[in-house]
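Alright, structures below, take your time with them.
Two complexes are shown next, each including chain A; its partner changes from chain B in the first to chain C in the second.
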Partner chain A sequence: MVAVAPVLDISDLTVEFDTPEGTVRAVDHVSYSVDAGETLAVVGETGCGKSVTVLAALGLLGAGRIVSGAVTFGGADLLDMPAKKRRRLLGHDLTMVFQNPMTALNPVMTVGRQVAETLLVHEPKMSRGTARDRAIELLAMVGVPQPDVRYNQYPHEFSGGMCQRVVIAMAIANKPRLIVADEPTTAVDVTIQAQLLDLLRVAREETGAAVVMITHDLGVVAEVAERVAVMYAGRVVEMAPVEQIFRSPRHPYTVGLLSCLPRLDRDVSELIPIPGAPPDLRDVARGCPFEPRCEMSAARSACQNTRPPLMPADPNSVSACHFVDEVESWARARRGNVEEAA
Partner chain B sequence: MGSYVIRRLLQFVPVILLASVAVWALIYAVPGNPADALVGPDATPQAVAAAKVRLGLDRPVVEQYFIWLGHALHLDLGHSAISGQPVTELMASRIPASIQLAVFSMVIGLVLAFPLGIASALKPRSVLTKAINLYQAVALAVPTFWVGILLIIGLAIRVHLFPSISNYVPFWADPVGAFKNTFMPALCLGTFISGIIARFVTASLRQSMSQDYIRTARAKGVPEYGVISRHALRNALLPTVTIVGLQVGSFLGGTVVTEVVFSYPGLGRMIYSAVTSRDYPVIQGAVLFIVVAFLAINLVVDVLYAYLDPRVQLR
Partner chain C sequence: MSVRTEGKDAGSGGDTLGRDAKTPVLQVEHLVKHFPVRKGVFGRRVGEVHAVSDVSFEVFKGQTLGLVGESGCGKSTTGRTVMRLLEPTSGVVRLQGQEITAATNPRDLARDMAFVFQDPFASLNPRLTAAKNVTEPLRIQGAGDAAQRRARALELFAHVGLREDQLDRLPSEFSGGQRQRIGIARALALSPKVVILDEPVSALDVSVQAQVLNLLKRLQAETDVAFLFISHDLSVVRHLCDRVAVMYLGKIVEIGDRAQVYDRPLHPYTQALLSAVPVPVPGARRNRIVLQGDLPSPVNPPKGCRFRTRCPKAQAICAEKEPELASRTGAQLVACHFADDDRSMV
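What follows is the complex of A and B.
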């Protein structure tokens, strides 16, 4: 692999929330980076900190506090940057597609004006007429039918899928270098999901943007990503190229995720959770956070007492497991058992 | 929209009829003879007899109602039992005064409430917000008559900035005179409602600032000023419109205490003297007007709401 400077580089990011019940460490020393033109998928169960990581990185976190870490975009420090400078990047070089398209749009502003606003904010000299024409072009580009009519409509007159197309139009309006898509297909109909993914792929090809694709859905991962970061309980537990994740995962949690994947004879592509629940993020236990649910650990003392650091597992991947070398044979044996049982 | 307004106006008819029955029945609830109640305690026997004929008091009760209603529809609500002046004429001179006071008060109220409400929504933990909270509490807790008296003592008697008796000077005839005469009572009412409205603005702005579309706007690189003015405020206005409408409605019904304190010739003071002197025809007229005014304001609020919120369909 040629060494390219990453577009987005998150390193050692830690985010905490103060709640009445105590401090929640939602993101715990997370590091990942995306290279130009690359698609990185971030997967993990709900609540594992996928959204908080990117929101904190982009300075869009409402509550919550960044305890440590650094985030750079194109080499510039995003966290220490003055808000004004960051605003010039946001929506222009660095854009987001959100999880819930129905609430991501302002209900009392026409859809078209919301798209045009994205253009006008970054090019104040643009005339309103030009912005309008460009917005209509963008709506057409993302597959909104009758874009000149739809321009004047409000979000409640759009379906969820259509709203997401509008959000995508805003995200690609200024030819970004990075698109962060936070579960862009979770809230829409299964039939629409494939269309939206296609749209994102086309958008990415046209803009040459790198993509961070946050998702629950390993089907989506297989389809769009080049590299995968697996998160568990606020941390990255494994990161590897996509073929390798599917072929030979190097963390027991990833193995669990993959075995929940539907086989060809089933048609649900949603993750079926691994038995047990993620730990309470309030009490930072000493050992491996996955230990209570880990089938491979067998209550070994290293798992219970020492937190496994994220370490290279092989030339292409990193994994946070004390017994990373055992994962492959364990997974094979486990698969054998499961098939025998079936 | 036009057909919606017409339909709403038609819906008003039963409400107003119901109110009219109640207003009419008021006279029969008064102890003694309705005719006596209507013409007042000092009336001559001839006047009482005339009233009996005019209202058909010898006819069946239902018929009496329709006779009364017929008069009312011709804007004949009888005569004041005290001054003998026609009630509609009396009200016609008071209504513009009350409307002018209501408008002045609302302008002052909104001018105070919006900046305060916005400031405390945006900086919930600042010293400024604490000061604003205190202001709101005081504005709500201090009785308007007391503020009124303080204003009169301070601004009218000590320094002769404003007249101590507020007359009604129509704004279009003499803006300066209107301002001088209306400012103090309007300030009284305006500060009072600014507390209520500011609270609403704060609550609904805070609510809309936490919505997803605000994050979207920020993610687009919209400066904070635009996020607030274009995205948050417009949404926050929605619930505020309703409360402002209700306040305007209550102002139109006259603001008794303030008008009495400032001797302002609005509906409120008219109602006050009518009640103290048992001038039933005037009370009847005032109540009818208040009902109609409330309905009208409600309609205006609904239309405005639909204009501000595209999700609301006027059907």
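What follows is the complex of A and C.
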């Protein structure tokens, strides 16, 4: 890759929430960056901090507190930026697609006006007529049939998939440099998901934007991403190019995630689940957060007592595991054991 | 040419579906469920949601039938109607050969048929301990005294992988995966013949989902219970089910053995559905069939074949004549006029 500055660069971000039961560290020293035209998938289970990281980075966090870290967007510091200036970036250079399209749209405003408003807010000199024409163009581009008729309809007259198309139209309206998509297809059926993933790919190609795709679905990851960051208990535990994550994962959690997936494309004799459940963030293990569930660790003292830092595992990937060199042979042996037993 | 497999001659489709080898514990024939659409101050009936339209299938002892489809296809309504949580508009459900009717005592029915719900947070009584939740069916049936029920709770806990010291905790003290184990233990409390599971793992994270799927497989192997497994997740269904029925807009469009349906789907909808699921293999070359448009309204389903408005193979005949669910070239049953020339699609 050529040495160009990344579009979004998050470094060492830590976010905490105060709750009646104590402080919860939802994001724990997270760093990742994404380049123009690239899709980074951030994957992890419920509560791993994948959404909070990006919300905090964009200044959209409601209750939480950023304890440390820096976030730059196109070289500019997002966290220190005056709110007014950040507002001008959001919706223009930096846009979001949320999980639930029904709540992302204003229910009492026509769909077309919402798209037109996205244009007008950032270009006040644009005439209303031009904004309308451009909004209809955008609706057509994202595959809303009869866009001139649909322009005047309200969100409740649209299906979930159609609403998400409208949200995507708004996200690409101003040719953004970064699109953050937070579980954009989780609320829709698979046939609609296929349509939306195609649409997002086209949107990225048209705008040349960088994309951060937050998802829990490894199938979606394999389909859209170039690079993958795997999160667990508020931390990035592994980051690598997509082929490598799936072919030779370098963290026991990634290994576990992949082998507990039921597969559509082949028969799996037995799923190998990860024992236990994700930790309560109020009470994360002192050492490696994954240690209580890690079968490779076998309760070694390094795992129990020291947080493993995110270190280069090989030229392309980083992994937060004390015994990263053992992961590959352990994963192979684990697979072998199960096949033998079956 | 095509073998009709509805009604009385349901057995003629045959041997390939394993019907001769085993007897069905659950038979569902021509099940129909309509919901009224009401309007105005007086609740005038202005139409009907055709949620389930003429659905027939069988579930065999020790086997799992997967009922898959997208939201709104009627799969959950089918499950609930079979269990008599909803009264069917018409149709027959037989449990071990015995017809279930409106006159059937729900308490008798509950002895042989149980239900596991999707949301493990809403389906347990939050004020009862885990043990009491699990043995509530026994109490209602008047089976055993408190000590015997407690012993049974312990047995069930061991069965589903929960510990003895967790017996007296409240549901709120358990994680989602553990709650679903409690829900499964409760369903098994009366050793039923059939358990209907409605999206039992959809609310769980993948690492926990695998635990519950393995548990279900093990329990079935141990007890020979039959499962009707309702899910939108095609990968999960492939992993768990022996046979699969694909639903679209209130109808079964294809039903057959797992291997047949997944490796050689005959209905254009099944083909599109399978091709739409992203698989966790980067760069996998797939010929995706992207369906146009959305699901039509079940209040006013399309005439003829219900899938024709989105079907890439639709012809004039599809609007005129509704295709029968029948055996074509393959062994599975499929409701499509053009199921024979399937190779062009895959």
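To be clear about the criterion, the second predicted complex is superposed on the first by the 329 of 342 C-alpha atoms of A that agree within 3 Å, B and C clash if a C-alpha of one lies under 4 Å from a C-alpha of the other, contacts with A are read in each partner's own complex, and residues count from 1 in each chain.
Here is the rule we go by: contacts are C-beta pairs under 8 Å (C-beta built on N, C-alpha and C of every residue); 3 or more make two chains touch, one makes a residue touch a chain.
Because the structure is predicted, anything quoted here is derived from the model rather than measured.
Colleague: For A:306, using the defined touch cut-off, is the partner it touches chain B, chain C, both, or neither? Pick first, second, both or neither.
Modeller: In the superposition, A:306 contacts neither chain B nor chain C.
Colleague: On the A-aligned overlay, A:337 touches which partner chain: chain B = first, chain C = second, or both, or neither?
Modeller: After superposition on chain A, A:337 lies in contact with neither partner.
Colleague: Now for A:277: first (chain B), second (chain C), both, or neither, which partner does it touch?
Modeller: So A:277 only meets chain C here.
Colleague: Touch test for A:107: chain B only (first), chain C only (second), both, or neither?
Modeller: The answer is first: A:107 touches chain B but not chain C.
Colleague: Looking at A:242, would you say it contacts chain B, chain C, both, or neither? Reply first, second, both or neither.
Modeller: So A:242 only meets chain C here.
Colleague: A:220 in the overlay: touching chain B, chain C, both, or neither? Say first, second, both or neither.
Modeller: A:220 sits against chain C, while chain B stays out of touch.
Colleague: Please name the chain, chain B or chain C, that touches the greater number of residues in chain A.
Modeller: Of chain B and chain C, C contacts more residues of chain A.
Colleague: Which part of chain C faces chain A closely enough to touch in the complex?
Modeller: Answer in residue numbers: 70-71, 175-178, 205-211, 213-214, 217, 232-236, 238-240, 262, 272-284, 288, 290-291, 293-295.
Colleague: Write out the stretch or stretches of chain A touching chain B in their complex.
Modeller: Checking each residue of chain A against chain B gives 55, 58, 60, 62, 83-84, 87-92, 95-96, 98, 100, 103-109, 117-118, 121-122, 154, 156, 167, 170.
Colleague: Would you tell me which residues of chain A are touching chain C in their complex?
Modeller: 45-46, 145, 159, 161-162, 189-195, 197-198, 216-223, 225, 242-243, 246, 256-258, 260-265, 267-268, 270-275, 277-278
Colleague: For a test of understanding, state which residues of chain B touch chain A in their complex under the given definition.
Modeller: So the residues of chain B touching chain A come out as 210-213, 215-224, 226, 230-231, 234-235, 238, 308-311.
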